[in-house]
Amino acid sequence: MIALLRRDLVLAVRAGGGFGLGLAFFLILCVLVPFGVGPEPALLGRIAPGVLWVGALLACLLSLDRIFQLDFEDGTLDLLATSPLPLEAVASVKAFAHWLTTGLPLVLAAAPLGLLLNLPGAAMPWLVAGLALGTPALSVIGTFGAALTVGLKRGGLLISLLVLPLYMPTLLFGAEAARRGAEGLSPTTPLLLMAGLTAGCIAVMPFATAAALRMNLR
Amino acid sequence: MIALLRRDLVLAVRAGGGFGLGLAFFLILCVLVPFGVGPEPALLGRIAPGVLWVGALLACLLSLDRIFQLDFEDGTLDLLATSPLPLEAVASVKAFAHWLTTGLPLVLAAAPLGLLLNLPGAAMPWLVAGLALGTPALSVIGTFGAALTVGLKRGGLLISLLVLPLYMPTLLFGAEAARRGAEGLSPTTPLLLMAGLTAGCIAVMPFATAAALRMNLR
Amino acid sequence: MMPDLGKYADAVLSSYAVSLLLLFGIIGLSLWRNKRVKQQLAEAEMQLSNKN
Amino acid sequence: MDYAATNLACRRGDRTVLAGLSFSVAAGKALILRGANGSGKTTLLRCLAGLTPPVAGSLSFAADDVAYAAHDNGLKAQLRVAETIEFWASIYGATDTAPAVDAFTLSPLMTRHVAALSAGQKRRLSLSRLLLTGRPLWALDEPTVSLDSATVTKFADAVRAHLAQGRAAIIATHIDLGLDAADVLDVSGFKPSVADAQDPFLDGAFT
Amino acid sequence: MDYAATNLACRRGDRTVLAGLSFSVAAGKALILRGANGSGKTTLLRCLAGLTPPVAGSLSFAADDVAYAAHDNGLKAQLRVAETIEFWASIYGATDTAPAVDAFTLSPLMTRHVAALSAGQKRRLSLSRLLLTGRPLWALDEPTVSLDSATVTKFADAVRAHLAQGRAAIIATHIDLGLDAADVLDVSGFKPSVADAQDPFLDGAFT
Amino acid sequence: MSIWRYANPTQFMATTGWMLPLFGVSAAAFVATGLIWGFFFTPDDFRQGSTVKIIYLHVPSALMAINAWLMMLVASLIWLVRRHHVSALAAKAAAPVGLVMTVIALLTGAIWGQPMWGTYWAWDPRLTSFLILFLFYLGYIALWQAIETQDTAADLTSILCLVGSVFALLSRYAVNFWNQGLHQGTSVPVATGGRTVSDVFFIPLAISMIGFGLLFVALVLLRTRTEIRARRLQALLAQSTAVE
């Protein structure tokens, strides 16, 4: 399993992808938004938590289709499925690698980018906490979506369609926590709910992912 | 050339992609944003033009990497490059097919989705006009980005990084036109500038795209 | 016969129009596809029984 | 130990491609699968490898006994040759990669990226994985594709060495590998009838 | 008309793989390229097809004369067989697809999706494109990969028919196609020296 | 004889052959009665004016939009557990009907919103969760369309339906938490029996709801029959090329 994780990370870095790019995308989005909506600081501050959350979601989505697609096309997935590694483990490792290359950089970059968007200081810690708790769920759910569409070429947008409604609860809790933080209310309830959601996803989704993979390879 | 266009469209539709999905993505984004920033109608109305433009951009970006990547991986691009079709024509056709499957549906869907985001009625026609004039440029520029990264697996995020700065002028003019429309000012200047930009891109970019392709195939 | 809908006539009529259109749309589509598939299947069965 | 299949039927996509197929491969023996293009060799091998469950019939061995090599190489262009070998070695818990490297003369290529290999070199790298699996039954789908004749001989040697350890191999191929301890099975003879398809939509009749 | 190359040097990636290679193929003749894996057959063919410009030397024909068939099939899984053939026919302006379909017995497969073809069937479809190009020089990279022996014979017939029209073919292959009008060129003999690499960073000396 | 014998395609075709017209005719009768009664023969509401007439479309379609998804969930479970092909095809057949119901509920709601709340759209929890349901339908249908191999498509869409149901529930809950809405609560709580709508409106509404339910059943039966035939057609063609 560690070998698979190491391989996935090496591939991510070598292919001009890896940590840098998820981050770069996030940065670019944060630059685009002020251009799109205009530069007033008060307005930007209000929408900042939402924008950062939507950005995290999209950065995840953008990279989802590659989780299994490349391995499927060059035949590696067949070989992994016949290897001693259970497919559930493959699913978990893939999700974890995706989080390391996409989710983690976003969590680390959220604070400085929040500054760029005038995010109120009170909201900052809660936004970061929310992202830290929520992005693992995004990766795990996204891996499931990728497994559903693995046989299909150009699945990119189909994944988005399948996965985005599944992202809704995470997004709602996360944005709510950041907003409550900004307004000085206690954001623990949404954060707790989100932690529960993430824990549940991590525990259960790999089984659904492995089942979907098995069906697609058949 | 028409054969290539037809083939690309057939592939887009068959692969569960096609017209519907660019649209679905756009719709999903418009649903996400209120979740992220909260449901107040006034706030949503203010940021609506920006959000729709950023959404159009992202819908384009999400689908860019597939323009040449699949053809490259299965060897079709080599065959097309040795065919009687000049690569410039291939580049133009690919860009046009991309616009038909991504840009056009966005133009058509912008009005109803604007409603969802409380877009002021006065801004609506200008937003749509801006999208109609601007999305062809997005496709043409994106095709160039796709040609640059065609050799690289997992080019998805790298393309975004390369292309987004090139999208900036289009975005600026488009959002400005919609905002002026909303405030009752005349949006003709930004629209004219954008039309010029688009015309220039359509005329010149296919040559750059073809050059990039040739280098990548070498 | 036509009830007086007052100032909301637009809303009521358009919602009825849209809904009926959609309902008839899905009904028509289902019937049409049913007929087509039935015909195709009959043709295929004919061909196969001729072959054997 | 014998590796046997009894009355097997296999499906590919929506289509039942083979039915009523039985065979038995004794330890130390190889089974060569023959058959025209599209006759179902790949379908059978995928079924043996546990990727598609059989529609009917049974296998006397588990999917864990099978080392499968497909038409596709399953290589990553961005990895180096050495990294690729190490990766599969650690997946299969193999400690010694030297036999795999030697059997396919990979040592001059170890530091190259897979992207910079020729078609035959890629194939050699892909086949070297077999020696890392340590599994007793090799199920190989046209393994010699794009290998030059010297390498084909080396490959046949590797198969012979494998068989000599009391193991077995099932190989789909269109060429002659020169294995003496090999039975031949022509899969063309196992075309299914409609009844074999095991499809509830083909039972009974309705219009 | 002769198809000739003079003193050719070809590059693959950063590496100059072949140098000093010359040949001439007369109309009606075929040239078989031989050489161990990695000796540069693919590199040479890509150069002839105009995909990589030669590092040195010259060709007596244009890239437009060459119909190239690579290791990869270049097929789209989502298209049907008939659609694929029509697509290439209209790209090359061919009006009659019947010869291509017949030469590789594709007619029973016409309505299938490419995804549902076996490896050999895909190869047959991919090769049928050659007959649509109408180009005089075929440059083929291991065309018989995964073809069964009956189809290999059919393919050799197609090549013979092509040559009989006064055209020519250059074919890299590891097997014997049984073409009588064929010269053989072993590319292994054209390994470049450092001077052949034509790389400005290898001229002169600095440390 | 267990109920599962209807899961055999031949049996299903035979049984539904005579059931379908029955459902079709009664659906037409109930829908027509409910809507005509509601549109022509009910008074205006004292607050909502004539817009109250929209209720005869809005509520039944909203109800059926949810029920259709529930039916798909059950059918998917049956497919996953017992592998009855008809059940998978029934789920496939129901999805577009559910989608249309969802669209009708959304559109009539939006049109109703303009006079009542002064806006076509508000991010009210109930409205929002309907929009999410709409997305689930779209995704489910798109996945069916995208996969060639029928059994695989059935498997994958079933899993999506299962996982999607859980997440739909979660987001319904999360949405409530996020925004208190404008939309009125349930006024026909079947469980408690009490209701806030007066009989004048309620009787035609009930008839219309029954009608929409029957219409749903009729459409699903018809479409399932089509899917079964299409499936047999495909199997025949595939097998004949394999056997030849």
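Order of writing sets the labels: A, B, C, D, E and F. Residues in every chain begin at 1.
Note that contacts are C-beta pairs under 8 Å (C-beta built on N, C-alpha and C of every residue); 3 or more make two chains touch, one makes a residue touch a chain.
In this text, all values refer to a predicted model and were calculated from it rather than measured experimentally.
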Mutual neighbours - chains that touch subunit B and subunit D alike: A, E, F
Subunit E against subunit D, contact positions shared by both copies (same if over half, else different): same
Pair of chains ranked first by number of touching C-beta pairs: A-B
Most remote chain, CA-based centroid, reference being subunit B: D
Subunit D and subunit E, separation of their C-alpha mean positions in angstrom: 28
Subunit E-subunit F separation of Cα centroids, rounded to whole Å: 56
Between subunit F and subunit A, distance of the C-alpha-averaged centres to the nearest whole Å: 32
Rounded Å distance, subunit D centre to subunit F centre (Cα mean): 48
Multi-partner residues of subunit F (each touching 2 or more other chains): 132, 135, 138, 142-143, 146-149, 178, 229, 232, 236, 241
Numbers and ranges of subunit B residues touching at least 2 other chains: 11, 15-16, 21, 24, 28, 31, 35, 38, 70, 153
Shared interface positions of subunit E, touching two or more other chains: 71, 78, 115-116
Touching residues on subunit C, where the partner in the complex is subunit F: 1, 3-9, 11-12, 14-16, 18-19, 22-23, 25-27, 30-31, 33-34, 37-38, 40-41, 44-45, 48, 51
For the subunit D and subunit A complex, residues of the former touching the latter: 46, 49-53, 63-64, 66-68, 70-76, 78-79, 83, 86-87, 90-93, 129
Residue ranges of subunit E in contact with subunit D within the complex: 12-13, 15, 35-38, 42, 71, 115-121, 123-124, 141-142, 145-152, 174-175
Subunit F-facing residues of subunit A, complex: 144, 148-149, 151-152, 155, 158, 161-162, 164-166, 168-169, 172-173, 175-176, 190, 193, 197, 205, 208, 211-212, 215-216, 218
Subunit B partner contacts - residues on subunit A that touch it in the complex: 11-12, 15-17, 21-22, 24-25, 28-29, 32-33, 35-38, 43, 46-47, 49-51, 53-54, 57-58, 61-63, 65-66, 70, 73, 149, 152-158, 160-161, 164-165, 168, 171-172, 175, 179
